[in-house]
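Before anything else, here is the set of structures, which you'll find just below.
Presented sequentially are two complexes of chain A, the first with chain B as partner and the second with chain C.
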Partner chain A sequence: MTTVVEKPLAPGIRNEPGGPSKAVLALALFESRRLLTRIPVLLAFAVYLGWTVWRAGRAWGDYPALQDADRATQNAPMLVGLAVLLSVNQAALRSRRHDTERHFAVLLLPHWCRTVAHALSVVAAALVTAVCVAGQFGWEALRPGAIGQGSVGELLVGPLTVLLSGLAGLLMAGLVRSVIAAPLLVVFGLFLFAFFSGTSDDASRWLLPAVVEATSNTLPSDLMGRPAGWHALYLAGLALTLGLVAVLVAGGRKPAVLAGTAGALAMTLVGGVAQSGGDSPQLVKARERATVHPEQVQSCVRRDGSTYCAFPEWGPRVGDWAAVVDRVRSLAGGGAHEQDVVVRQRVEARYGLSGDGALTPLERPHEVTVGTQWGGNRVPEFSAAVAGVLIAGDEKAATSICDARIIPLMWLAVGWASEPLDALRRVRLDDSITGSALVLQPTDGLSMTAAQTEVLRALLDLPRGEAGARVKDRWRELTAPKVTAARAAALLDLPAPDGEDKCL
Partner chain B sequence: MTPTVSASGLSLRYGGTRALDDVSLRLTPGVTGLLGPNGAGKTTLLRVLATALPADRGAFTVLGHDPGTARGRQEVRRRLGYLPQTPGFHPDFTAFEFVDYVAILKEMTDRGVRHREVRRVLDEVGLADVRGKRIRKLSGGMRQRVALGAALVGEPGFLVLDEPTVGLDPEQRMRFRELIAGAGEGRTVLLSTHQTEDVAMLCHRVIVMAAGRVRFEGTPAELTARAAGRVWSSTERDPGAKAGWRTGTGTFRNVGAPPPGAELLEPTLEDGYLLTLDDAGAEVAA
Partner chain C sequence: MPLTRQLVLPVHRTLPWGVVGMAGVAGLLLTALTRTGESAERLSAYLLRAAILAFAVGLAFLLDDPARHTTAAVPTPRPVRIALRVALAAPAAAAWWTAALLLVPPGVRPPVGDITLEAGAACVLAVTGAAAGVRFTEVARPGLPVAGGLLTTAVLVMLFWPGRWALFVPVEDERWAAAHDRWGVVLAGAVILGAVCAVEPLRRRVRF
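Our next item is the complex of A and B:
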């Protein structure tokens, strides 16, 4: 009689199985590597990173407000999400597509465990997205002049969108055994996104993964009113629900999976209901106060005789504002050269982020509005507002100027810049440096005629010192009301303008 | 000898068809051939033994484990290597990835150990040079070897091979015979095939199935011996023969009940197989 002995293991090979949990983890690593090296996913990440880097390069002149920078991380991951959705769907269907199920059915790990591994591979893609989001936000936070604070809830939206999309693709593979279903799901998802993005209904638009705001109004972070935390809970709950239902559909009807599904559904409901609650009465009051009586929530500092009042998060920006005020005043003549101003930060917060941010000019003497955004075009715009107050006495009067005072005003606004013509182009609504145009500033715009533009251009063509001396010499006449552009040109010893001298 | 696989009374019906009918068998280490015509129930038997299909009736054990229980089934699967008929592949996987994937599904979780094992089986089936190649770029024979590698990974004690040489050219078939012979050293291999040559060259035992039943179980020599005195040569085809064909020499080789004085020939395994099937057919008809 002989005894049956299994073939001895090859030297160095240990065939002790690690159990289903370890096998699921090993398979998840395998599937993660495959998912992250799929061409659509690689392309999506490349486009995402390229777009982020390009955008960061373009925004070099802007000073980030981190309560806006966090939302800026939400849209691009949707592209990654779509790629992950399609790729996970294909991966989950490959056993059926290539008829390997007959073989794999007699291996140790059942179908539902393979579904869990696919779900975990989506988590890996979401984690990579989280790293990208952290990098993008970290870059903004480390840039000079960054203020405010981001929300963890907002930052989670990108990775959760990828998670949600991938798990939707996984569930789709369990429900519909056709590879055409996932592309159709993508089309349907894009349709839903377009439909709900266009709606003004606050509750329904929060059903989408990323909730885009129509305007670029920057608010203090405590006035944002976006239920980011609840939304992240809603997305996480929804993603978990889809993933666990996919496991159930694959045959994983275990008590823990059923309990997890119930818990995930509860999370979705709690997050979904809480996020649709709208603005609280306290928030509405706080926004009203910040808009109408900003002085009640601001702190002020004095620099060289001028006063700078800012919302708490903008304290570090006072130095930048003061530098502009000093440069503008340095070019002014007469009493304006020594005139102290009050720089008041203002915001239209009553309509939340969907408001257009339009501010009315102040009527208090020598008080200048500065907005909540800074850098880029916002600098010459603020400079024009300071110049307007130095010349007209207050903002309201400055916006009414319809004579040659606009010439010294614009000289003060852009004359100190390293590239005055570029500053002039950026501060005019139509980006022109000839003809008539509207000049932008934090409140209502200023109007420049074609003739005034001509004279200013001629002035800017002079050496800076000489131009400054001529303006200061004729300061009183140039800042008197009802002076024509032709007269201003004569006062400045410049050629008479040919263009029209009629306000817009 | 203690059998690796012991089955008794296995029965399975597909609708009105009796795919397995009271099948009992014992498999011991070495290669056992499973012969039978199309529809004999070979693939069904292999799928039942591989735990892919449950039998309606009967019981069996593999290496002492009863697949009738969930735990026993897992233990059987842990010790099983299965190469299905016309196996599917993931074409965008490399040979290494495919076998690695199967190894994970066999719960080989230690990455280093698993990768060494995958390299070992790919070496064993002669695919070391192409392990990084995508399966869609491999020839049919190479793909079949990938599938054999996947079945061999993890050193299974019981290997089930369902017509592994179908569609292979003679050279590839020879290569595969070497592999199967190697695989049968120290482990139990059940090889389903239509090729009696494969059985004659590889197997220490042979089972013949027809109409869902085991018609013969024994050694190839015993199967061949069934035809002793029942194969003869003649100048014309003998109308009394069960089967007869003209050979390369121009004479007829007849199988059946020889007429008195017939020139008897040395029987082959194929002759024994044909007569076993013929006897089975007569039994079914009766």
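Our next item is the complex of A and C:
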């Protein structure tokens, strides 16, 4: 006798727990890979990375302020954004272009799920951009001379711009089924990118993705007054709105999507309204205080008898300033060799980032101004200010020097540099090393006549030790008021100058 | 010749008028922006250039022909068919350009001859790109890649073109005249290249 044992058959279709979401994820992975290997996107990333690396290699940026470095990451990703816009639009219209739309009808995924997958591929591109931005900012932050702090809101703008433009391309594919729409959108975007990077001064400039400032003033990070966080919220809301509307247009009219769209729209509105609020009264007061009474917010340290007062974020810079002060003093003779100075950091913050007001010279004795930027030309400029205070007694008197005291002054300012002539060229307004010129300082400038320049050049041509000794020997006569260039040349045992010796 | 005359209507019907029209409308919208205020007036040369780019992107689709593989066997050679397409599009382009120029307020209009040279060079370059696409590939619609290439070229030229050979110069710049000599060279080069690319190769590349 036999028995037949029947086993239940496994069903042909299994309802997997993840169902369509797993398929959407698989499609999103495929679309991301495809999007990131399109020629325009690859080219845009290559240009973006090449440009960023080239800019990071410049000698000027050795002392970045991170509250400025975060903003420098914003513009270049727009290029990637435009490429992603074009490529996502092409990808979303691909099945239509190749007339394979009908074949998708037999698949598990409805049209709106495929749109979600495309949207996720844009997120992947934005994440790659975020990695690039993080790398760029991290590189700046790891420089030994970096100070201050960056803002997450500012750093998010780059990736969010890519997300925003990509989702705009996706929505465009849903609204206009023509291949020409995305290229035309790119032309509009290019025009905006080139000419309207938010340079105007009213609140409406915050409606654009990246808002650049007209000047390069560096402020303490609590006085920036840029609504970076709200702006990031606005951009995120706008991008989400575009993406969710694209899903709605593709037929995904689920309650969750509708609710999400409403939420994203609310986010956009909240961010958009909050970012256009303007400067708060507290901020205006804090800026006023930092400009007019910086001593109330600064902390001071003493080094070798001199006092260095800086805004809290600039504490690590004191060592660099002290090194310059030491070198300048080591070249000076007489009482100036031992003279202690007070280095006061100052900033004109009352007009915000877009204003670039000049600082007035200080009148307190032996107090010298240092700005908020450092490196490059800022070093010999500060050095000239220190030398001026050592010779004239205070900044106000130094800026009105109109005689050959400028020769020992400039010797102190550039004589210690490894390339004195290069330092001289950089500190003079017209980058010249002959003739008369204006010498830049953190506050008002100094002026040099042609004859004074000639004597100084002759002095710099001597061996450094020899020149230093001659200046120290004749220090009292050289720094006496009303000394002429011819007299200074005679004192220094240099040929008499034949240039004009009348100051401006 | 009578054969060509008979071709006019069918070719006219296969021309992508919708795409070119959309590009034209977008271009006119951009030029109309010059009438929106003083800051827009200052940008008039650039708005006009953006409009030219938009229209040129549209013209990149001019040689899209879904029936390409079925019409390969007609007795009229390809240069004639391409010339016919260009000849049909040329009056429309001229009309569009006139309208675009008239939309810019007369006071801020860049020198008409020079800016027309730029427009001509850009449009010819777009069609040349499309002809090259037809010449060197088997695709029936080379428009989209060519449009992408045109945009990429525009961006790269704007960013990296050396200032010595500047092409996009502001009106008041002293390099304006020299730049337009260069635009003339671009136009001539594009025309010659386009003529070369329009010729049908004797042999089709065989693919297995």
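The rule we apply is simple: the second predicted complex is superposed on the first by the 468 of 504 C-alpha atoms of A that agree within 3 Å, B and C clash if a C-alpha of one lies under 4 Å from a C-alpha of the other, contacts with A are read in each partner's own complex, and residues count from 1 in each chain.
The criterion applied here is as follows: a contact is a pair of C-beta atoms (placed from the backbone, for glycine too) under 8 Å apart; a residue touches a chain by one contact, two chains touch by 3 or more.
Fair warning: this is a prediction, and the values are worked out from it, not measured in the lab.
In the overlay built on the shared chain, the residue A:Val186 is in contact with chain C alone; chain B does not reach it. Contacts of A:Gly145 after superposition: neither chain B nor chain C is touched. Residue contacts after overlaying the shared chain place A:Leu86 against chain C, while chain B stays out of touching range. In the superposition on chain A, contact of A:Gly376 is made with neither chain B nor chain C.
By the touch criterion defined above, A:Leu27 reaches chain B but does not reach chain C. Residue by residue along chain A, chain B and chain C are tallied for touches, and B comes out ahead. In the superposed pair of complexes, A:Ser178 makes contact with chain C only, with no contact to chain B. Those residues of chain A that touch chain B in the complex are listed here as 1-10, 12-15, 17-20, 22-23, 25-27, 29-30, 34, 94-95, 98-109, 114.
The residues of chain A lying in touch with chain C in their complex are 39-40, 43, 47, 79, 82, 86, 90, 97, 178-181, 183-184, 186-188, 190-191, 194-195, 200. Residues 1-4, 28-29, 50-52, 63, 74, 77-80, 82, 84, 86-91, 97, 100-102, 104-111, 113-114, 116-117, 120, 147, 150, 154-155, 157, 185-188 of chain B are the ones touching chain A in the complex.
The touching residues of chain C, counted against chain A in their complex, run 18-19, 22-23, 26, 30, 39, 43, 46-47, 50, 53-54, 57-58, 61, 141, 143-144, 147-148, 151-152, 154-156, 158-159.
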